[in-house]
Amino acid sequence: MNIQEVWDKAREVMVPGCRVCPECNGKACRGEIPGVGAIGSGSSFTVCRDYLRRVRVLMDLVYEPGEPDTTLELFSRRWDIPFFMAPIGCMGTNYNGYLTDEEYAEISVGGMIESGGFAFTPDAFYDELFELQLPVIRAHGGVAVPTVKPWAVPKLMDRIRKAEEVGALAVACDIDSCGNLLVKKAGKAVYPLSPAAMAEVVQGARIPFLPKGIMTAEAAVRCADAGCYGIVVSNHGGRVLEDSPAPCSMLPEIRAAVGDRLKILVDGGIRSGLDVFKCLALGADAVLIGRPYTIAAHGGGKEGVVLYTQKILGELRSAMVMTGCRTLADITLDKIRIGD
Amino acid sequence: MNIQEVWDKAREVMVPGCRVCPECNGKACRGEIPGVGAIGSGSSFTVCRDYLRRVRVLMDLVYEPGEPDTTLELFSRRWDIPFFMAPIGCMGTNYNGYLTDEEYAEISVGGMIESGGFAFTPDAFYDELFELQLPVIRAHGGVAVPTVKPWAVPKLMDRIRKAEEVGALAVACDIDSCGNLLVKKAGKAVYPLSPAAMAEVVQGARIPFLPKGIMTAEAAVRCADAGCYGIVVSNHGGRVLEDSPAPCSMLPEIRAAVGDRLKILVDGGIRSGLDVFKCLALGADAVLIGRPYTIAAHGGGKEGVVLYTQKILGELRSAMVMTGCRTLADITLDKIRIGD
Amino acid sequence: MNIQEVWDKAREVMVPGCRVCPECNGKACRGEIPGVGAIGSGSSFTVCRDYLRRVRVLMDLVYEPGEPDTTLELFSRRWDIPFFMAPIGCMGTNYNGYLTDEEYAEISVGGMIESGGFAFTPDAFYDELFELQLPVIRAHGGVAVPTVKPWAVPKLMDRIRKAEEVGALAVACDIDSCGNLLVKKAGKAVYPLSPAAMAEVVQGARIPFLPKGIMTAEAAVRCADAGCYGIVVSNHGGRVLEDSPAPCSMLPEIRAAVGDRLKILVDGGIRSGLDVFKCLALGADAVLIGRPYTIAAHGGGKEGVVLYTQKILGELRSAMVMTGCRTLADITLDKIRIGD
Amino acid sequence: MNIQEVWDKAREVMVPGCRVCPECNGKACRGEIPGVGAIGSGSSFTVCRDYLRRVRVLMDLVYEPGEPDTTLELFSRRWDIPFFMAPIGCMGTNYNGYLTDEEYAEISVGGMIESGGFAFTPDAFYDELFELQLPVIRAHGGVAVPTVKPWAVPKLMDRIRKAEEVGALAVACDIDSCGNLLVKKAGKAVYPLSPAAMAEVVQGARIPFLPKGIMTAEAAVRCADAGCYGIVVSNHGGRVLEDSPAPCSMLPEIRAAVGDRLKILVDGGIRSGLDVFKCLALGADAVLIGRPYTIAAHGGGKEGVVLYTQKILGELRSAMVMTGCRTLADITLDKIRIGD
């Protein structure tokens, strides 16, 4: 199987829920919630592609040659790659149910481990999704990062305990999902997370805690002050608020505000190893890729996930070779220019 | 009745005068005066939509949760909402007469009161329009803001006296209408308002006076110096001068110039609660919405007005929740970025 | 006859040489030399329309009302209008010969005088065009500004003498035409004008001398140092060099460099009274309008020229009323914003 | 034969490998490698045309007239022109083999000498291409600049020795080709060039050495520090890394960083004498033109190369006349503006 065959197969089993577009850019599916689209005009997602296209990369071949090192330290482990699978759930509601959430969890967690990385797994407004993933994560030695919705603290801590019990690497909390319409309609109470509650959660948790959905330097500083391990700069794939800027466009000011106090991950429209490079140059430590990994999972199962990872990794390595970056730490803001 | 049915009904009764476009953006009707269009190429109105689209909103979910408070103090009262109905008149000339001006006045004034706000009512180059609205306003306890054309001071004061007599909240004066073609063709004398005349009017009036059609910091300062209660930053819906900038784009420098000396309202292409949020972030205290309210009035009468208000209010509340704004005062310039 | 009839008639007699487009913007005729087009891709002309569209005009109605005064002092006379007819010649080569150059001269000079202004008349690479206009100018009391090509000084002075003899107001020299292909092909020698030669010409001439084709502050300063009365900021309608900026876009820096030492005129894509306003705000004292006046001349003779003048004047007056400008001197850079 | 006939003939013999587009802008062939296209979306090449179009040129005709001098000193010789043929090889792989590499070498080297300049000749991942060009260069007195791939130093020095033996003017090294897919697939080892290796090569070579593929001020400074004679600012025609900026857009900062320590050449989308002018204004000493010269060679052999050179030279001379530049040194940054 090759990556083209993965995509061809995905097209067979996913259309029309997801059109498996040549470039996954949020245009065909704009406004489709439930579904895979971004909210309303879809501008909070399409802006990601527009912004990344404007980031131009500077070649530099005057350096001592050597193999690029793409490994990354995170959660006190070293990973082969600086890009991970974003949490996407509800295969029946958002996609067409070709994969069950159990199947998807196994493919995600297992496939990403085979790829040299790990998956973020999703939470939902119903309890079953979170629960069904726990045995999968346990079976894979805990090498995954469960995401929890921003429940009231007791329920949130309960979820974290369960994540700890299966040996999870860390836990993320997509605080931006309190604007998710599906969650609201189900009448479940999810809330913004106050700095005090955040500090309480961080202190109560035995594994690293990462809020997801941070978009400003001010909020990032609050996370650092609360003792968070890291953050995910994200606008929830554009699904919760229209006319957000691209998450990656906020990276320089967020990084400037928090320095090394936080690991900074980012998502939103990252579609190539060159995009990974751009996000790292803008200030991220690592990135999350969502929809394309879901396509890979549908089209090729774990093998699809691995093949897609290899494609992105190859592109990232090429970008590093062409820009004189030996390690991820070399990928700095002066390697890019923001153009028109 | 729901908002979609309001729009469907409006389409039945308004087309082709107004096309009831999916997004009311001034493109289909450009140049149509009489009619609902903006002058010439329509650029003074389409620029509003273009500018608002460029305003990107920053999510922030790290805060102590709580219900957003959308209330606003204006004219020594507290209103549920910070957006009001803009003055539109001449239903027969500008629309197709499906509603009479009397009917429209009753729907506007009554519907906005039911909505928790109030309507600005229009003046025209003939006296009947202003007069026929007075009993409607009186019947509703004066909860409306009549607008007067920039007549010579004696006539202007006469109009203001009549507004006072029916208990109106305040009086606005659309000084920008001296460029209105219909007014000119009718041979009626309307004029720019000199600072001296403005001061005279303000001193003579027993209710707050708000010039409408202010587009520069310099003019706003003159209004503040003349003792005005507030201003409406507006280009008259793009109907009086081509190639105006978007009114909302001028808000930051106007606010910087006048500080808290004036209440600042703004209109021009505001089409969602997120747009209301953007205008408040740019510096407005409140906004006016015109054409869409007229569509709501045609499609659903008072109920249409209320339904449309609820839609906008819901969107505004969502935007506040997603950005960590508990009150309207929290909606500040640092909540947005002006993008490309 | 009204302005629409003038344009309709022009369409009958000019197409296809000139398409008499709804907006004369240099797109349909791009690259057509001979003809009325700009060189190559036509970008040096289309950029004018693009730039002028980006200039946004700020309404201001808070001022003491009064009739706008559009009069301008130039050549020690006062004119009703601050816009004049640009020099266009060779009716047979560039248009289709429906008008002879004699007829066009009579319409131009006579029509502009009736309009309250004056025409610039053209020179060509053959002597007849300049000569045939002299009796026309004389018959109209010299109220015109002949343009001369940048010949070697003796021939240039000879032309100036002839202009003086018929009582011309001033003489312009389109130094930018030394790049004109037709001139080159005819083997005639036209040259750049050195500062020394320019000073010699200025001292030798008894009437004001205005170089046309100035595009930089540096060149404008040289003209001022040479004693010129004024300059015409122009790129020759985009006909001599590709990828020029819009002449009007250079006005602010040119005005800043020369202050009041020179009268500054500008041409290039000015198509409405609002465009005249924009150019004056950018720094010009007056403007030249070319192709549309030629259309007016073809469609309505002198009456067409007068009607077109009245249209532009009416638009300029409206713009002044809407922006609080009582005189042309009030039209300053703070009345506009350069947008996107 | 004229230039139009050259292009017509080229269209006959090159389509569909190269479409011989009216403007060679990298759109029709985007992604075609092997072939003549740029990598992936082709954006690293199309950005060149987009950027050059934004560079606007300032007319200036107020100067002492005189013939423009387009000669350039390079490699201790004076050349008639400041633009040269870029190295393009593998006529069979990248084009359709209508010309053999031998024929192309003869046309290139011979045609450019007839044109008053010289050609850069290519290297490839197989040895034959480099070798077969040596006798051609020798036969033409060495008036060419062989390009070598960034081989390991011994092989690189071997190539340089061979270039010296045939009397070559200088040697270039396209270090950016280490990202070339064809080179990788062939399993040949090409590498980035370290500053130390570069210094070793420069010291070992008896002719000037110019790295090609420099895109940053930092890399340019390393080349200067290593003793290089000059550099070619280039992104390899967009063929090795997506989303590069236009090489010419980096010229101002590169020139500012190295001053006169290096001769700076540039390539990428230069399609007219006006483009040559723009690149010189941005900071280059000279430019390379690639694909259009290949078209000229296919359509007219040496005569085609000469005709194309004359076209570009004529346009450059026109641009110099129209901007008051007597020599290439007069073409400075203040002669242009970067627009929208």
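A, B, C and D label the chains in the order they appear, each numbered from 1.
Note that a residue touches a chain if its C-beta (ideal position, glycine included) is under 8 Å from a C-beta of that chain, and two chains touch if they have at least 3 such contacts.
Quantities reported herein were computed from a predicted structural model and do not represent experimental measurements.
Chains making contact with chain B as well as with chain C: none in this assembly. Most remote from chain D, judged by the distance between CA-atom centroids, is B.
For the touching copies chain C and chain D, the fraction of interface residue numbers used by both falls below half; the interface is of the different-residue type. Averaged Cα coordinates give chain B a centre that lies 60 Å from the centre of chain D. For the pair chain A and chain B, the distance between mean C-alpha positions equals 42 Å.
In chain C, no residue touches two or more other chains. The touch graph of these protein chains is a ring, one cycle where each chain has exactly two neighbours.
Each chain pair that touches appears in this list: A-B, A-D, B-C, C-D.
Against chain B, in their complex, chain A makes its touches with residues 43, 47, 50, 150, 175-176, 178-179, 191-196, 198, 211, 213-216, 218-219, 222-223, 235, 240-245, 249-250.
Listing the residues of chain A that touch chain D in their complex gives 53, 55-65, 272, 274, 278, 318-319, 321-324, 334, 337, 339-340.
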